[in-house]
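Just below sit the structures, each encoded as structure tokens.
Shared between the two complexes below is chain A, which pairs with chain B and chain C, respectively.
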Partner chain A sequence: MELFLMALTNGIMVGGIYALVAIGWVLIYKCSGVLNLAMGEMTLIGAYLSLTFYSMGVPFFLALLISISIGFVLGILTERIFLDKLIGEPVLAVIMLTVGLSFFFRGSIELIWGTDTRVFDPPIFSLEPIKLGPASISEVYLWSFIAAIILLIIFVCFFKYTRWGLAMQATADDEMAALSIGISARFVYAIAWAIAFVAAGVGGTLLGNINGLNISVGYLGLLVLPAVVLGGLNSIPGAIVGGIAIGLLQNFTGVYLDRFFPGAVKEIAPFVFMAVFLLFKPYGIWGWERIERV
Partner chain B sequence: MVVSNNIKEGDILLELRDIYMYFGKVCALADINLQIRKGEIHSVIGPNGAGKTVMMNIINGLYHPQKGNIYYKGQKVNKLRPYQRAKLGLARTFQKVEVFGGMTVLDNIRLGRHIHLNSGIFSGSAYIGKTAREEIEHRTFIEEEIIDLLEIEHIRHKSVGMLPYGLQKRVELGRALALEPELLILDEPLAGLNLEEVEDLARFILDINEDERWKVTCLLVEHDMGVVMDLSDHVLAINFGNVIVDGTPEEVQNNPEVIKAYLGDEDLYATRA
Partner chain C sequence: MSTTFLPCGDYHQNYAQEHAWWQTKFIKGKMILLFLFLFVFIPVTANSYWISVCNMVGYTILGALGVQLLIGYCGQLTLGHGAFIAVGAYASTLLILEFPWPQFMLDWGIAYPVSVIIAGFVAGIWSVLFGLPSARVKGFYLILTTMAAQFITVDFLLTQYVSQIGGRGQAFSLPLGTIKIGPWVIDSDLKVYYLMLILVIFFCIVMANLIRSRVGRAWVAIRDNDISAEVMGINVVKYKLLAFFVAGFIAGITGAFWISNLAAISPEHFPWFLSLSLVGVILIGGVSSIHGTIFGAIFMVVVMELLQLAVMPMADTYPKLLMDFLFIKEAAFGLAICLFIMFEPNGIAYRWQQIKNYFNLWPFSY
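For the complex of A and B:
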């Protein structure tokens, strides 16, 4: 029972971080139809930026804030320099460009920060586990989860209640119509990339706090793909539910199935689940179903 | 952007001067001249593929012609992008409805207010102060005037993608009206509608054009000759990218070239038989 509760709480907590990264993914897909395969590297960049400032002696919260601001600018630059030229081109071309971007980012990261694992030193969160009723979780998980939830709420409100959020949805839905009512598609894309960079950066920083930071944290960014697909590529609530589902799945398979399939069952379980799930619900939980009216 | 606002009824609102548009070697429009006067309904007719929609896209800014100039209220607008032209008071509907299918009717129309909302991206994130005040004013406008005019009260919370075609066209028109445009481009608003819907929409267009509240100048592309001749102050007929005639409905109706372009050359059939 204790094992079950531990897997449950840890799953939910890590799921919160996945959800955050998933939001970045959904945001870009939602307003431009592009699956951004450089998302994992974007989480890394944000994480390394926070780490750099933190190790320079800047308080953690401030370091995170600086990293967020730089991420925002980097997002706009990425869109302006690389993606702006491809507006109106086939989506596949843009996706391939994001693959290129991911290599470019990865190379730059290795060049700047090296390939060794680095940790936030001194640790930001105490290593003493916190007792939550019968289950105990580490402090870093709890805080990551809380931070993720706060950011998620901000993003959801932004999308639902502001005109820019609405403008983003409109651009995704029908770019030509959006242009005709005075929405600048270029501006919307730039903002989407900026926000995606920010979300990824915060997610990366939190992940980096859990197990230290090296290039493989970027693969966690890719792990979010099943979360996004599960929720439906264009749904923010879907990303949240998907993220938590993947977190749970990972922890439960890690706890219960590792005995039978020793090794990395934890890593592949989300992908297996995604494949099976998509057989039955090809649009994800809340994805747009394209209905043809004849 | 400085645009003089003191344009009186009957003054030229939009002018196309010597427009040429090529796609590769295909000449879609050649030497098009058009003057739209404020307060009028100016229609464009022509067989399919004549270049009507290309012309609308040029006016709207989706296409940029290789030669020629576009003037809006005397200002050259060649280089402006569609969203910048929308801010000048130019709205449009599309031949194939372009609505935001995943959103409600109300959200669709509300998006048309985008250019009239001034709150920035950060203050716009919080529903306080300026944003709240703006919201209330715009909501009254949308709910009381547009939704009322177009008689779509009963479907306002429905998702647009699920609505029948005729209603989608109305929503699209409502969204364009929400911009409070001075010039409204209507690209085949009646295509695919049944008789009753055609009558309704034709009435709306007249309302928009004549009602003191709106007084919107309309540029209408349409195949329904009955409606075109009834509504329009001026009609421009084009074929293969060339102007056949530009004049009052009577002049156009009696023009032999127009009859030929629309009904086909009878002699041609005679020789084939």
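For the complex of A and C:
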């Protein structure tokens, strides 16, 4: 029972981080229709930036803030330099551009920061587990979850109440209509990429706090893909639910299936689940079913 | 093919001439020169380093042919092709090492060829298994399933289970002399080169002929619009799965061929990077073109080698460069893909066609 509760709480906590990154992904897709495969590398960039500033002696929150602002600028630059030219091109071209970008980012990251595992030193969160009723969780998970929830609320408020957020919603809904009432679609795309970079960066920083930071954290960034497939590609609530579900799935398989399939079952379970899920419900829980006409 | 320009006043007189691959004497001459270049000139002049580069090119061509078939001709996006190459390589290795071959088969050198063909079928069936979702989904969703194929096959099944067979730990090593075709023991780069050349030529011919057959036309119809294809009476699911099977088969053969070059195989030889780079190869070379596959592979391998040659002299002054070169290569490859998609979306094959047309029509190019 204790094992169950531990898997449950840990799953929800890690799932919160996945949900955060998944929101960035869904945002790009909703606004500009770009299916982004470079998300893993984007989490890495943000994480490494905050780690660099942190190890230079900057307080953690300031370091995170600096990395967020750099991520914002990088997002705008990426969109302006690479994605802007491809509006209206076939899907494969755009997807492969993001694959090219992921190679480029990954190569640059390895070039700048190397491949050794780095940790936030001194650790930001204490290693003492916190008692939460019958279950105990480590402090990192709890704070990550709280941070993820705060950011989720900020995002939701941003979309509901600010001018930019409303403009993004309008563009996602109907680009032509949005253009005709004077919203600059290019501006919206750039902002979407910037926000995605920020979300990925915060997610990456939190993930890096759990087990240290190396290039394989980027693989955790890829887990957003099962998450968004589960929730539906263009649904923000779907991304949250999907992220938490994937976190839960990972922890439960890790706890219960590991003795039957020793090894990396925890890492592979989301992808197996995704492959099977796609067979039965390809548009996810809340995604729009695309109706095609010849 | 229709793109061939015949000399003025020269016409086809029967269908066989129109279907011929090499339509004029001039083209035949060019092709014979090309074959001489490949079979005689390169082996005689190149040193073992460049031969191994050529082998790498051949491996990339063979791997990318399957991707070209799926993406370029059938429109099924795939990002997990490396998994099927891995399945082929492992199937062949395991057959050679573990299967109780009768002694006479080993003596006559039948074991390796048989294992190659079985590896092709195993990889083909494995590929069909992951192609099954294509009956219901397409585009991005299919990318996700094939991606899942990569992680499930290589990172899970091969790493955790298949590698444990026989208790060898992580890598399977092939003893020298186990890989032989008939009396021909493949133990040097040059022999691998000839084997590669034969396989590449064979599969290019097979692909080219398959594309212009009934099956190939069905694939192209599915690529262009699968709903219209279905309306026209094409069994879409059957042909999609057939495409997956053929692509997987070629991938399996590729993997089984490649073990002749590797002394030992381990899952690290087939990372996700391989699958992605194969798609990058066809995008750089040109989608829907067999020439494109070849140009893309040459570009990817040879340009990267040249980059290495250019960077290495600087390594004396900056020793860190030696270690970092792998990362520079990765970043450069990614940037190359981005730039090609942005500025030359039709790939090198299109530019090649333009240049050829320019010279064919020169000096009156209107």
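One rule holds in what follows: the second predicted complex is superposed on the first by the 281 of 294 C-alpha atoms of A that agree within 3 Å, B and C clash if a C-alpha of one lies under 4 Å from a C-alpha of the other, contacts with A are read in each partner's own complex, and residues count from 1 in each chain.
Rule of thumb we're sticking to: contacts are C-beta pairs under 8 Å (C-beta built on N, C-alpha and C of every residue); 3 or more make two chains touch, one makes a residue touch a chain.
These figures come from a predicted structure and were not determined experimentally.
Of the two partner chains, chain C is the only one touched by A:Met96; chain B is not. Looking at the shared chain after the overlay, A:Val119 reaches neither chain B nor chain C. Of the two partners chain B and chain C, more residues of chain A are touched by C. Annotation: chain A has no residue touching chain B in one complex and chain C in the other. By the touch criterion stated above, chain C contacts chain A in their complex at residues 71, 77, 79, 130, 132-133, 136-137, 139-141, 143-145, 147-149, 151-152, 155-156, 159-161, 225, 227-228, 231, 273, 276, 279-280, 283, 287, 324, 326-338, 341-342, 345. The touching residues of chain A, when paired with chain B in their complex, are 157-158, 161-164, 166-167, 169-170, 173-174, 176-185, 191, 288, 291, 293. Chain B makes touch with chain A in their complex at residues 60-62, 81-83, 86-87, 91-92, 94, 98-103, 107, 110-112, 114-115, 117, 119, 121, 124-125, 127, 161-162, 164-165, 172, 175-176, 178-179.
Per the touch definition, chain A reaches chain C in the complex via residues 35, 37, 82, 85-86, 89, 91-93, 95-97, 99-108, 110-111, 225-226, 229, 233, 261-265, 267-268, 271-272, 274-275, 278-279, 282, 292, 294.
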